Amino acid sequence: MTDLLWPGDHRAGDHFTGRQLCAAMLAVEESWLRVLVDAGIAPEAARRPLRLRQEHVEWFEDHSELAGNPVPALVDLLRADSDLGSATKQWLHRGLTSQDVLDTALMWCLGGAVAEVAADLRRQVVSLADLARVHRGTPTVARTLTQHAVPTTFGSKVATWLTAVLDAYDDLSGLTFPVQIGGAAGTMAAAVELGLDPAAARARVAGELGLADVPAWHTVRSTVTRAGDALVRCTDAWSRVANDVLTLSRPEVGELSEGVGGPSSTMPDKANPVLSMLVRRAALTTPMLAATLHLAAAYQVDERAAGGWHAEWAPLRDLARRTVVAGAQTTDLLEGLEVHPDRMAATLAAAGDAVLAEQHSMAALSGRDPREGYLGEAESLVDAVLERARTLSEESP
Amino acid sequence: MTDLLWPGDHRAGDHFTGRQLCAAMLAVEESWLRVLVDAGIAPEAARRPLRLRQEHVEWFEDHSELAGNPVPALVDLLRADSDLGSATKQWLHRGLTSQDVLDTALMWCLGGAVAEVAADLRRQVVSLADLARVHRGTPTVARTLTQHAVPTTFGSKVATWLTAVLDAYDDLSGLTFPVQIGGAAGTMAAAVELGLDPAAARARVAGELGLADVPAWHTVRSTVTRAGDALVRCTDAWSRVANDVLTLSRPEVGELSEGVGGPSSTMPDKANPVLSMLVRRAALTTPMLAATLHLAAAYQVDERAAGGWHAEWAPLRDLARRTVVAGAQTTDLLEGLEVHPDRMAATLAAAGDAVLAEQHSMAALSGRDPREGYLGEAESLVDAVLERARTLSEESP
Amino acid sequence: MTDLLWPGDHRAGDHFTGRQLCAAMLAVEESWLRVLVDAGIAPEAARRPLRLRQEHVEWFEDHSELAGNPVPALVDLLRADSDLGSATKQWLHRGLTSQDVLDTALMWCLGGAVAEVAADLRRQVVSLADLARVHRGTPTVARTLTQHAVPTTFGSKVATWLTAVLDAYDDLSGLTFPVQIGGAAGTMAAAVELGLDPAAARARVAGELGLADVPAWHTVRSTVTRAGDALVRCTDAWSRVANDVLTLSRPEVGELSEGVGGPSSTMPDKANPVLSMLVRRAALTTPMLAATLHLAAAYQVDERAAGGWHAEWAPLRDLARRTVVAGAQTTDLLEGLEVHPDRMAATLAAAGDAVLAEQHSMAALSGRDPREGYLGEAESLVDAVLERARTLSEESP
Amino acid sequence: MTDLLWPGDHRAGDHFTGRQLCAAMLAVEESWLRVLVDAGIAPEAARRPLRLRQEHVEWFEDHSELAGNPVPALVDLLRADSDLGSATKQWLHRGLTSQDVLDTALMWCLGGAVAEVAADLRRQVVSLADLARVHRGTPTVARTLTQHAVPTTFGSKVATWLTAVLDAYDDLSGLTFPVQIGGAAGTMAAAVELGLDPAAARARVAGELGLADVPAWHTVRSTVTRAGDALVRCTDAWSRVANDVLTLSRPEVGELSEGVGGPSSTMPDKANPVLSMLVRRAALTTPMLAATLHLAAAYQVDERAAGGWHAEWAPLRDLARRTVVAGAQTTDLLEGLEVHPDRMAATLAAAGDAVLAEQHSMAALSGRDPREGYLGEAESLVDAVLERARTLSEESP
């Protein structure tokens, strides 16, 4: 079910929903059961698929408060499940701790959300490169501190959008999503007690779930804060685009418009820049979510912090979903963006000599007449970022 | 459905859910239809109860993105509803704008959530007053900057908890929840065009919904930020209690314990201070939600900000629900709290003369022998806050 | 010395500077010495004015790290001061703790900064009331979500600015600035050991410093968070004005302009809306400072939190100074604001029938011709807020 | 002058002070003058060292508000300086814009601060590696959610500290500090008009100042947000250490203590964990500063945002200085940390069988007697992180 108070939320689909999270937690437990069976510790009969039945879900949710995290209730539910044999019930979760299951499941969810954001960034790079190429020489006025400054090209504005998107992509594509397998206090003592080779067991689970194989990171949350920061870098980049669209699609400016405007409930003639508006909205909220992840990381203590760990989950989910939504909205925004070179030209014409005042003072200083045009290296800046975009396109999956 | 990643979320029940929000939006539209009918503007046939049918809900959610807020989709749905007559469809929402319906509905939801928080604060005042009375003279060691300082009483520690709770209550009980009725740009132009008396219409809707009657506040968001700040003041107060419980229930200290500890998924003997931990968790996240409300308020521009308005809704909902949850958890925590005066006495005894070093230096300065005890005005501080609590209890609903 | 990286910082003058803070801390210590002498506990010779000599200041600053707060170093410095007699040195600070001195000094500084902000708010109310009166009927276009909506008056826009400023004033004028006198752990044990009546002593210091007399609040930080929240409500209000000026002074709109524009370092013809820009800047930073105060409050534990207390001071100072600066800038902005009704009229004329589409649909619904004008209750909304402003002006100091 | 309200601030020395910033801005202007002279555009006489005279500084600070940034006032001051010849005055700053000078100067300051933080991180790696080696096998109790969990080694706790520090180092050492040279709107139009090769000029300045050579990034602030995020990752890591020291140096635990405790102003026997407390303090404030940098980045619009750019400077400075301070404090904390294995052993002994409950349940499940010890892979985890630390030590400057 989507979130009425976050229009566009349905675009985030199943990422981090209760259903996806349950599936991921069950996948961790199943993988671990296979590890125990294959190591000859648990009997073959313990290898069973794990399912949550629909009628159990509500019970499960209410009971997730008891331990402060949903895993003990999940384990209890499975152990009470008449469909599972005694071997499975007996060996389920042995050697793990709640944090192993939940952190690993969250990383699995996060990896999926980040992959979708990355795919959107790649589509945006294509759209932006096209826009920059087409408008490499389209004259428009540069505005600084809200006022007309000097002439520039619309392509060079798009080049700044593209640079921000490429920067975001660089950070996002450097993220890793590690398995968390450490046992009660990160030492794998229970697993070792059971006779497992802890490093091999961890590698096996990582491999099965498509996650990175690293030592337990129960109280070192760099993985989480890096993801949070990289996701915010995405909304920062998109917000910079949205701000320009919101500004330049004002009726007095009219240099850009969204392909499809949003309706009003009472004013029949309105077409609002809804995508830009919703992207901008996201970027007003994500920095505080990432800051919360840092606060939680900085609150770690002992071998598991009371509250620090728990404060991470919902902000990470919200941050990931909102970034997925804003990413898809930005892709649509760019693919449908309408550019009005005639209005750009008209603005420049109306601005007249005022936007050439700097050029005149430079020419006077040089003792020369002003040159033709005043675009500096605008076009070569566009070419440089197009080259950077091309490299990305070629190397990509 | 509760939120697996926010254990305890079920305690917030229906506050701000999609279902409650829809009901509230429909209540606004219904009330407005009554206004139109009673003023003789719409025909009597327009007065009809409004319902969302279950099959419409998913459609509605997906379409709430089109206008950037759910109201136009809601209005479209109702106008397409075969159960409603043409008069209702024709007059529905006439004179209102989306923001009127959504802001009013949110204030209605907020009022309900705040009332529940206030009820919890009142129960906590009772528990805390009892604890303070019982332990008015229970000796314990004061700790400053983690180290033993001087003797104090457990009652005087409880007095600080109670003071924080009373402060939070004072702020919360001063909040108002106003109706928002202004039309497209806050001027009620459409309502006036239809022949309505705008002030009377607004007063009528406010009265029917139990909200305050104030002029339109589309771009002045003090109401929202005040509520946010007051809710954070609640989690601040509860976190201060939770921190003490988390610290004093460490096994090495053992002076407090939660009535019912939370289980571990792998360590059979553990009893974790789960309520304190979950309350602490909330308080690590709420300040950033309230900051987001301020950022949104500060982003207002024109007669409705693109993004600034939209960024408020989900943070306000999350802040309200998390405060309701943390409030209920704190109530349980306090009602079940176990105090161990023997351990407090043992700590003091073990600390020995070190915690009387200040007293000895004061006595030396005075040229007198140290007095018996070193509790200063601890007991009268307890009495003062008990008096403040008593006043509250007497005046309350 | 002002802050180069916060242009306009000099407007905050001496509020919360090292110099002011030292003076305030010395005032607390002096007042306490008088209490000790007048109670017959310290000898008359102990009553001496306290001064920091310039050469001591740097030493003092470097040494403030040792105890984690500046008070112990200050006390050491005074005790080493050859100008002070032995009685003063012996009795200085007896019965107090560092937090008493620093919290009280900070409240004294805060009171001064808030008073200056309040004075600016009052000047703004006068300017805004004038603007609203003059432009009560000046036609302009209302813009929602960046697009033209319906006609309104510039006066009704100013009315929203004024409402936000009045709301901010209401909150700010409700703040209290209490003395903090509790001794080592809030119980006044040392003072009582010395023979003082703790309540009388506290009342005396409060009276001398012009602060409120309340029991010790070492670990209950509502006072600090309330001040922080109220200050942010000010920058929220001013930012809403600044956003409109930034938008409406764009050359394509040209409906407002700052009285004096800011220069560019290279473009001779530019006049930038510098005041609005700097006000907007402040509002992008203050919500996070207030959130930090909440986080610090929520981190209180024991009878003094290690880190929680310490994290408050600089954010409170920065928040207070930035609010003073932004307040003065907003006052200048409003007093110099240039309104261009001709441009407003031209925008409306260019918008044509599009902004009357709602009116036409309402008229069609009513089966009547559209009325003359479409301003609804715009003028009575202006009158209502002017009345609220008038009440303030009459009751004020 | 250091900041009384941020004890330890003197440790940040001259980083980002007004003095350093002025020196950096003058260095940018000087370098640019050399570019103009060497290109044969400005006469040889223009090549002059630039200085601010002390008497000018206060004027300069007050006037930095006029343009909203300090550069135009700096340029005015230099042009009014009787010590500079007319050629220098005439050619100074030609082709640059304010943002070029200020952003480049800030990057220069940032590079210096980050280098100091990196040096501290390297020292910490050495200390931590030593601690981990020495205590590789020191038994202690693992604590989860405040309660005793299972046995572990102190070395494996140190391994988590070291991992966090290494993660922070990885991010910090990946930062770049680019020159900003783009002219009024990023196109270098003025430089080209003067006859300069823009790319060569930019490379020359970058080379002279030791900064990275990249195209203008006026409105793409990834560089700033990446630095902010990486600095917060440092305080996150240090806070995790500080939390453990604060917890384990409580008198009831006594397993760690700071080498030198901080004094109280009134309690003669106290030794407070001041370094940990001040580090913890920093980490309560830095996430909000980095969030502010993101908000400013997301607020970029046009070719320079009114307010978005300006809101960055002070938060970046405060974040950098606080990180330098906290880094130095953490280095001292680690180098002086006292570890008490006897108290660790006593805690374990007192915990008794309770911390072996998990082992017993695993053994029962296996049908075997419990093994000797229950440390799992604790020692090999230590070895793994020591190997990672060794790699860093060998490759380092």
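A, B, C and D label the chains in the order they appear, each numbered from 1.
The rule is short, and it goes like this: a contact is a pair of C-beta atoms (placed from the backbone, for glycine too) under 8 Å apart; a residue touches a chain by one contact, two chains touch by 3 or more.
These numbers come from a predicted model, not from an experiment.
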Quiz item: What is the graph distance from chain B to chain C, where chains are linked when they touch?
Solution: 1
Exercise. Could you see whether A-B or A-D has the larger number of C-beta contact pairs?
Key: A-D
Quiz item: So what's the Cα centroid distance for chain B and chain D, whole Å?
Solution: 36
Self-check item: Mean-CA-position distance for chain B and chain A (Å)
Solution: 29
Quiz item: Between chain A and chain D, what's the gap in Å when you average each chain's C-alpha atoms?
Solution: 25
Quiz prompt | Where chain D touches two or more other chains, by residue | solution = 68, 94-95, 143-146, 149-150, 183-184, 190, 246-247, 262, 264, 266-267, 272-274, 277, 284, 288, 291-292, 295, 299, 306, 358
Quiz prompt | Interfacial residue positions of chain D with respect to chain B in the complex | solution = 143-150, 246-247, 249-253, 262, 264, 266-274, 277, 288, 291, 295, 347, 351, 354, 357-358, 361
Quiz item: Once bound in the complex, which stretches of chain B touch chain C?
Solution: 41, 68, 90-91, 94-95, 142-146, 149-152, 156-157, 160, 163-164, 167-168, 171, 183-195, 198-199, 215-222, 225-226, 229, 232-233, 235-237, 239-240, 243-244, 247, 283-284, 286-288, 290-292, 294-295, 297-306, 358-359, 362-363, 365-366, 370-371, 374-378, 380-381, 384-385
Exercise. Could you pull out which chain B residues touch chain A in their complex?
Key: 1-11, 16, 18, 21-22, 58, 60-62, 64-72, 75, 93, 95-98, 101, 183-184, 190, 242, 246, 262-267, 272-274, 276-282, 284-285, 288-289, 291-292, 295-296, 299, 306-308, 310-311, 313-315, 317-318
